[in-house]
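In structure tokens below, several structures.
One chain, chain A, links the two complexes that follow: it is found with chain B in the first and with chain C in the second.
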Partner chain A sequence: MQGSLSKDAIIVIIVTAILIWIMPFIISTYTLTVLIIYGMLGLSLGLIWGFGGILCFGQAAFFGLGAYTYAIAAINFGESTIPMVLAVLVPAVFAALLGAMMFYGRLTDVYLGVITLVVTLILFKFINSTAGPQYVIGNARLGGFNGIPGFQTLNIPGRPDDYIWGDSYFYVCAILLAVVFFLVSALLRSSFGRIAVGIRENETRMSLMGYDVRARKTVLFAAGAAIAGLAGALFANWGEIVTPSLFSLGQSAEIIIWCIVGGLGTRLGPIIGAAGLAYLKFLLGQQMLIDNTLITGLILVLFVLFLPKGIVPAISNMWKVSFGRRQLGRIHQQRRIRHRGRANG
Partner chain B sequence: MAETVLETYGLTMRFGGVVASDNVDFKLHARELRCLIGPNGAGKSTFFKCVTGLQTPTEGEVYMRGVETTHWMPHQIASLGIGIKTQTPNVMDSLSVFENIWLAARRFFNSREANRKTQDIIERLALGAIARNDLGQLAHGERQRVELGLVAVGDPWLVFLDEPAAGMSAEDVERMTGIIHELNKTTAIIVVEHDMQFIRSIAKMVTVFHQGKILMEDHVDRVMSDPTVRNVYLGKNA
Partner chain C sequence: MDLTVVLLVEMLYAVASLILISAGLAVVFGMMKVINLAHGEFMMMGGYATITAVNWGVNIFVAILIIAPLVVGLIGLVVERVVIRHLYGRLVDTMLATWGLSLFFIGLATMIFGNTTTGISTPIPGFTVGTYQISGYNFFIIVVAVFLLIGMFAVLKGTRAGLIARGAMQKSDMAAALGYSPDRIYMATFFCGCALSGLAGAVLAPLVGLVPTSGGAYIAKAFITVIAGGPSLIAGLFSSAGLFGIVNQVFTFAISPVIGEVALLVAAVVLLRLLPQGITGKIFKGKL
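Moving on to the complex of A and B:
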């Protein structure tokens, strides 16, 4: 990555401000809010998969865990600030334990995928089976397949009666996504982030350099889960109900598709992939002609075949080809020509 | 007498019926340069892997600067200040030369110091012109040099090089010789090589492996003129 962190900050602020201003003219803020939340969820997997090389089939588990943690805590506390914090912490701790088990157990990528998938399934089955009155945490009934409705939604910190909803809630979500995006950028610029990318590229080499790959992957995995948990809490507030479908494998699969379509190894790609595909799903949901999942599947296949690196890398490549050339010195150009054969291979 | 940086006692590695490393007792002093030679399959790489934690030996003990490291993991061993180059290239292909070396430096220095160290090594290895190129784009000799750079950048006191000159041009080999001599001023080095000319140009002491065992350990001239060693290399019965 080039440029500096302060430049990142300025760009994020400007772009966020413009989008917050313009987008509501095109799409309702209610819909925009959930697109933002999905964008954050996409970013959470984009971070650990795209930059850490950890393909998690259970990112929805952390999303659901965040949402449920928020709902349960909100019922018990009767306000939203502590529940929001818990909704970030609980998935992060859960992921740290799960990650430590997987990474210290030296599981290969395949088993990692299987385990995260199974954990999601177990959570889904478990939450589904908690319809009985014996499943309570404090004052909150888990409610099984009916989910948990009627919890306290987001309020101004310290003032439980001042709810944040409607357009204000849209602003809060947009700003939170911008903040998370900035934090992810900072993380990736830091030594920790650069080392994570090194681990993605070659674990053996990094451990031969003296890095404890297991510990670092565990930390990154937990960071991804924290972001997914925050997205989950925001989703709970948006929907005003949490249900087991948050944990579904379908949800997990969708997050993976968002990342592939948007572009792995970029920060923006998973966000754009998530918001774009979720909006498409929303538009398709308003008609009855074609099945929704069919379209999503078709898009995935088309991307894998024709744009395997995803939208964002393709656009930035196009940008470089059409505008970047003049800035490069002659030597650079020659080198590029020399390497073109391999780069295109 | 100089400090001992590496000792192994009865190091043995079995793969099913194959004894790849057989009861190896080995000793290396500080700032010593030692070459390991032996025919293909003699157990040189296995010895390396057992000592650096990439494989866990079936039996035996390993000590580094007097600390027992027998069941340590590679990152713990590397953290002691040990540089390791494996036989197969082990680099980050989609990252730049600078980033590869910087990541190695960052393990032992803070970010700013790592920048300086990286620049320094890049200059010493004459990699300046390609510092921003991805490693995947480079020629084999250049990648070997980069890998040597990331092994050296952390100021190690013990370096393992498994076939650093393999597949390189004469010019590259010569450059590699210079680099190894330079490195040897501050660190002990063990080099596995097949190229006899290269060994002659860098080594004094040579250890010969054969069928997992140490066959002979002596000055390079005596090793080269030894009839048993010649037989082993020519594939006759030892």
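Moving on to the complex of A and C:
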């Protein structure tokens, strides 16, 4: 990664400020809020998949867990500050346990995907079957298929009657996304982040260099889940209801699609992919001619076939080719390497 | 006594349906290493093919055993030519592309058949054992599953085509050097896998109310059965389907159907944690 962290911070602040100012003129803040939340969810998978190489099929599980934790806690506490914290912590702890089980068992790629998928299904089936009155946590009934409506939404910390909603909720979400984005950047710049990328590239080599690959993967997995949990809590506040469909495989699928379309291994890609595709879905939802799912599927297939790296890397490549410094031709490069080798040897 | 018989039949039925659900995927994923997330949708299309054929007046058994596998196999053939063949060997990419395909097919089915439940009645009447009622169709499913396993074994082990297919999956360049076209072999194998999925969907169609999103109910079960089965195709399929089917039925009977499903999934997670290579990675090694 180029540049320094402080430069990152300045860019994030400037871009966020401009976007917060301009975007509401184009799209209503109500829609924008959910696009931001999806962006954050995309970023959570982008972090662990794009930079840690952990393909998680169950990111929706953490998203849903965050949302449910918030809803249940909000009903029990009657205010929103502690529930927000819990909604980040509970998925993180859950992911740490799950991750420890998987990574210390040295499960990789396909098996990892299947286990995360299965765990999501278990949660989905379980929550779906909790319609009866015996499924109660504190004062909150889990409500099965109908979900949990009517919980306390976000309020100013310490003042349970001052709700944050409408435009101000949009600003809260936007700023939170910027903060999360900045934290992710900081994490990736730290030695932890660089080692995580090293693990993605070559796990054996990193473990031979003395790094505890299992522990690092577990921590990264938990960090991704924490972001997803935060997104879930924000989503619960936005929708004012949580339902089991948050855990569904379709939701997990969408998150993966966002990352692929936006571009893996970039921080911005998943956010752009998420917001862009969610907005596209919103626009498509307004027409009845062609089924929505069909188009989503088509987009995914076309991207895998023709643009497997995603939008952001493709654009930045194009930028480099058109405006950046030309790279040397292949023959020149080889010659230069050979010279360097001679000089060193 | 009666209860034991009923339970036994239910268990056999659970195992048989798991075998049916997973057989197509075992070929496509187990042999060809294509993570086919559209497997459930191939089954869904098998179901729709059957129902449409029956509504047009075709005999239901012809529709289930011949028409549905052919239709779905042909769809699979098109899919292989257009999408999958560009992606062999790229595990994650096949997964994402087939996920896209699955969404595409769900959308297509919704547009054609509408987002409503359709179904046909089971063609075999039930009968009673003591005070219990057993669906006669369960036996049909068990018989189909048995013939399916025997058939797969016979084709893979006994015929030249099966030998060529297995060889090409193991080392395609060697098969090519011996004068066979891996491209063609892959195409044919994918066709067979899809036809098996279509058959499974067709056989199960009379039991479930079919909606365009029905496929999602099968996909996870199929995957955990195939992955838990491990590298050998038929032994793995049989052993893991047996294990999961029995676990599922025991817990379903003891507590509730939901707990039965959850128990199946938990058993899968535990099993994969203990035997990451699947059952046949440790036991029955080297068998087909």
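In this section, the second predicted complex is superposed on the first by the 325 of 345 C-alpha atoms of A that agree within 3 Å, B and C clash if a C-alpha of one lies under 4 Å from a C-alpha of the other, contacts with A are read in each partner's own complex, and residues count from 1 in each chain.
Keep this in mind: contacts are C-beta pairs under 8 Å (C-beta built on N, C-alpha and C of every residue); 3 or more make two chains touch, one makes a residue touch a chain.
Quantities reported herein were computed from a predicted structural model and do not represent experimental measurements.
Visitor: Touch test for A:Val301: chain B only (first), chain C only (second), both, or neither?
Guide: second
Visitor: Using the touch definition from the top, say if A:Gly210 reaches chain B (first), chain C (second), both or neither.
Guide: First partner only, chain B.
Visitor: Counting residues of chain A in contact, which comes out ahead: chain B or chain C?
Guide: C
Visitor: In the overlaid three-chain picture, which partner chain does A:Asn202 touch, first (chain B) or second (chain C), both, or neither?
Guide: A:Asn202: touches chain B, not chain C.
Visitor: Name the contact category of A:Ser168: first (chain B only), second (chain C only), both, or neither.
Guide: neither
Visitor: Identify the partner contact of A:Val118: answer first if only chain B is touched, second if only chain C is, both if each is, neither if none is.
Guide: In the superposition, A:Val118 contacts chain C only.
Visitor: Using the touch definition up top, name the residues of chain A that touch chain C in the complex.
Guide: These residues of chain A touch chain C: 55, 101-102, 105-107, 109-111, 113-115, 117-119, 121-122, 125-126, 128-129, 249-250, 253, 256-257, 260, 290-305, 308.
Visitor: Touching residues of chain C toward chain A in the complex: what are they?
Guide: Within the complex, chain C contacts chain A at residues 35, 83, 86-87, 91-93, 95-97, 99-108, 110-111, 216, 219-220, 223-224, 227, 256, 258, 261-262, 265-266, 268-269, 272-273, 276.
Visitor: Which residues of chain B touch chain A in the complex?
Guide: Contact set of chain B toward chain A: 52, 54, 73-75, 78-79, 84, 86, 90-95, 99, 102-104, 106-108, 111, 133, 136-137, 150, 154.
Visitor: Going by the contact rule at the top, pick out the chain A residues touching chain B in the complex.
Guide: 191, 194-195, 197-198, 201-202, 204-213, 335, 339, 342-343
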